[in-house]
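Next come the structures, one after another.
After this come two complexes, each holding chain A, first together with chain B and then together with chain C.
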Partner chain A sequence: MHANLSLQQAPPFSVPARFLVSAPVFGLLAALVLLWHGPDIISSRWNPPMLAVTHLLTLGFLAMSMLGAMLQLMPVLMGMVIPRPVLFSSIIHTPLVLGSLSLAAAWLLQYRWLFLVAMLLLGFTFAVFVMVAAERLLRSVSRHITRTMMLLALLALLLTAGLGIYLAAGYVGETFAVARQLTDLHLSWGLLGWVFMLVMAVAYQVIPMFQITDDYPKWHQRWLGWLLFVLLLALSLTWFYPLAGLQALLGVLLAACLLVFALNTLWLLHRRRRTLPDTTMKFWQLAMASLIALVFIRGIAMLAGIELPALLTGVLMIAGFAMTAVNGMMYKIIPFLIWLHLSARNKDLRDAGRREQQVKVPHMRKIIPENAGLWQFRIHFAALVLLALATCWPAWFFYPAVLLFALAQGFLLYNLLNAVRFYGAKRTALQAVL
Partner chain B sequence: MGIKNLMAQDHRDCDRLFSEAENAASTQDWEKARQAFQQFVQAMDRHLGIEEQVLFPAFEQETGIVTGPTEMMRMEHEQMRALFDEMAAALEREEADDYLGEAETLLILMQQHNMKEEQILYSIMDQRLDADVDNWQQKFQEWNRA
Partner chain C sequence: MTAEVLLDVSDLEPPEPLVQTLEAAEQLTPGQYLRMLHRRDPCMLFGNLDERGFSYQQREGTSTAVEVFIWRQGDAEAESRVRQVLSDGRP
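So, the complex of A and B:
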């Protein structure tokens, strides 16, 4: 029964690291495309270069870091190790990088065949990942709600990818019209069913544990994920039976899910037992504030009958909520893993009876200094405010916003690469004596 | 109530002591930090000792798995104890950044360790070992006296 049970600590460092370090590279690429095209790009979300930017962020930054984090977290949270982790992560990482690049290039260069390449690469990546991860999750002995929610999130990822491939097919052929109505379903499943669901599932575990707060209420944990999933299913059915009233109602209920999660998280953090100002916690707070802003702005616009700038919602959801939460998590994951792997090397030395040759393993604040993370947070925060303003007044805010966003992504990349280089140097020192 | 609930509650109690020490160190209240840290290490020593000498042997005997999860947990206990030493040294030097850095490292190590225990190991213990919590509490107290 427990033949597969392993509480092994972690896959090799390169497995999650390659995904997490790739993410801000795609953030920088998105900024470059924005700068190249100038303020006109944000007039519509249907602009091909804007679609390229959106997917550089959702695939290149978000899917990239979230798949990497799942590979790292599943052994810890579920006790399930993925066999041959280095090989598996290459099989996922390489086509994800190439697929994201070819999809963006397809829109930027308007080459039809590149859409086909992207469809094949990304379809392969997500199908293989979902299959392997779902099989592992189904066999886990863990009965925590996180397991169920990760499975729901994977299902949503598969639906998002399927809809995305169907939509991309519209660009490949002459006769195949792009079905724009389906785009809303594609992005609802992607941003709510996959991204938001997974962030919730992870938050249920990491917020109480790392910030030392109370648990999320039982009803919240048990029902919110399922409610979200059922609402998305209902929303999908309205595509076949379009009832405007029902669609509006579902929209309100989905917004309520976002709001409940955001407010509950802020409340827990407000009452946390750690009084230490922690950078990752600031990222969590900003992510939740973005969700709340998103719900309120859309709510007010709906009641007052105002049409919102096309990209404001996207900025708040993708950059404001999702990228912020992931960015904060990176500052815990990367330094801890480096510490963990260096400690394991030292243990090898101790076991070999060569205690005196051990290297002092630096603590996490020596790997990424607290101030480096804090300043990157401040720049990211400022970039978000300016990006939101730029969707309303592009002539004024576009260039400062994009430049600051590029700076925040560059700074994140610098912090992560510094940590990886530090690990490389220490590991070489340890290998030399082994 | 089972082993899982009992031991998970003990995790939460240790967490509270951990944050008291961390809070004091972050405001450089060294006297209070030393006191809270000492209480934290005492509580942890008791928790880790109960696992290593009462619960893990019972699990190993019942399942016959000796080189599996319990071996991994014992190794992580060793890593935690090494970090207690680093934290104590930083307290001695009254170096806030070092203490907070070592403490954060311990926090993450300890919490991912707790997750594995609470979601996997204790769950299996609840299925396979004596379900009566009173019996366990009595065993823990006997261990404590010895």
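So, the complex of A and C:
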């Protein structure tokens, strides 16, 4: 089956771009909240400002960029058409921005009614997105495993949001306490079922395509996503029938899924066909290294009976794995889109017999200069190491870590905005002649 | 002048495989066909070939995963050469 796209199927540039550009703004906001509250903020998982930071990242950065990427990749990789893409993306983007902001503000300011606003906005966003995207995916002719895994990821997103909204209800009124025992379920479905599943689904396609590697092995593609999903279902059941032994076993198997994916990805990248330096590849490698570090650190802590700092796993999973992978992908998606849209315009001009009026479309690698991406990578990498250290020794590492993290997010925003501005200028030039 | 134009795009990063294949196709002279070698099913190529008036045939490759034969619609000579290669067995 060919992902047989003609340029007309791709949504307008503004559709994915608004999501991708919003993401680092939320990264910056998260850094500001951390700076504002100082090192004490990471003393506990249940610190309300910390929950605000977590969701500025998981909703404002991750869900934001991942929904945007899906709006772009579903048409390009699977040939599906999203009706009224500009309208649809506004209907999703605006409440996602406002909902993420209100959830964070609710924790920061302790306004109960803001939780209610956030629940409504986010519930609306995810319900509508999942309904439309799932319907399109179910109708798509693509039989690639990416389609199945995107569907599983969407289901996980729906569960995550449902559990999140139920948890948030605990903050709204006095009448019923926050259902803490569900928090772990919420975050497992969120980080593994939604984030990790979607990254895998996308990696199966974009790593061989952009990094010029072999395909992931057939068995890996066919089984890993399903295994992950079944394990999460089983984990959910242990909440009703808590069997400590089974829970531990499921934990080990989930860790094995992470490890298999990470090692396989590193292996493919190691054996890639062309060895030009590539920034996106460095992001993929760092993301996989974070997953491996996470599994090993947790494994060792479990065997040795050591209590880990509460936020170490979160830093490695959210900033180390997920944000790193997404950041790297952005450096391919945005230039590719710009190239695609400019080429399509040029083609219109040529078909109209006005070849001489075409604009010069630069090489994809020139749209975001390799060096700008590379330095942003280095800062992000350094920030990540310091953040991990800060969860252990906050007094020493907290401020340098957060400042570097802010710098990395600011740099990412700058790189993306530069690319968008470049596209804007070229498009204006083209519109002038059309 | 040879009838077959060989183009191996299997080590190129998108969008180069697409760009180079379309460029090479545009330069075909009557009787010539393009044999494009790629590591995967090409993305966006067939729609663009349709629009530009080319015919194509994909098969599993020998040295690379995929081979695509491309010729101008209506170029009977090129088409019969492609058919011959396809029916001859390898290579």
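Just so we're on the same page, the second predicted complex is superposed on the first by the 425 of 434 C-alpha atoms of A that agree within 3 Å, B and C clash if a C-alpha of one lies under 4 Å from a C-alpha of the other, contacts with A are read in each partner's own complex, and residues count from 1 in each chain.
In this text, a contact is a pair of C-beta atoms (placed from the backbone, for glycine too) under 8 Å apart; a residue touches a chain by one contact, two chains touch by 3 or more.
Keep in mind that what you see is a predicted model, and the values were worked out from it rather than measured.
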- Would you sort A:K426 into first (chain B), second (chain C), both or neither based on which partner it touches? neither
- Task: Once the structures are superposed on A, label A:L340 by its partner contacts, choosing first (chain B), second (chain C), both or neither.
- Result: both
- Query: Between chain B (first) and chain C (second), which does A:F210 come into contact with in this model arrangement: first, second, both, or neither?
  - Reply: both
- Query: Given the touch rule stated above, what does A:T275 touch, chain B (first), chain C (second), both, or neither?
  - Reply: first
- Item | First, second, both or neither for A:V141, with chain B first and chain C second | first
- Message: Which partner chains sit in contact with A:M364 here, chain B, chain C, both or neither? Use first/second/both/neither.
- Response: both
- Note on the structure: chain A contact check, chain B vs chain C, more residues touched by chain B
- Item | chain B and chain C contact sites that coincide on chain A, given as residue numbers | 2, 5-7, 76, 209-210, 212, 273-274, 336, 339-340, 343, 364
- Message: Considering only the defined contacts, which chain A positions touch chain B in the complex?
- Response: 2, 5-9, 76-79, 141-144, 205, 209-210, 212, 273-276, 332, 335-336, 339-340, 343, 347, 362-366, 370
- Contact residues on chain A for chain C in the complex? 1-7, 76, 208-210, 212, 214-215, 273-274, 336, 339-340, 343, 364
- chain A contact footprint on chain C (complex, rising order): 10-15, 39-44, 46-48, 50-51
- Message: Please output the residues of chain B touching chain A within their complex, sorted ascending.
- Response: 15-16, 18-19, 22-23, 26, 63, 65, 68-69, 72-73, 75-76, 79, 82, 86, 97-98, 100-102, 104-105, 107-109, 111-112, 114-116, 119-121, 123-124
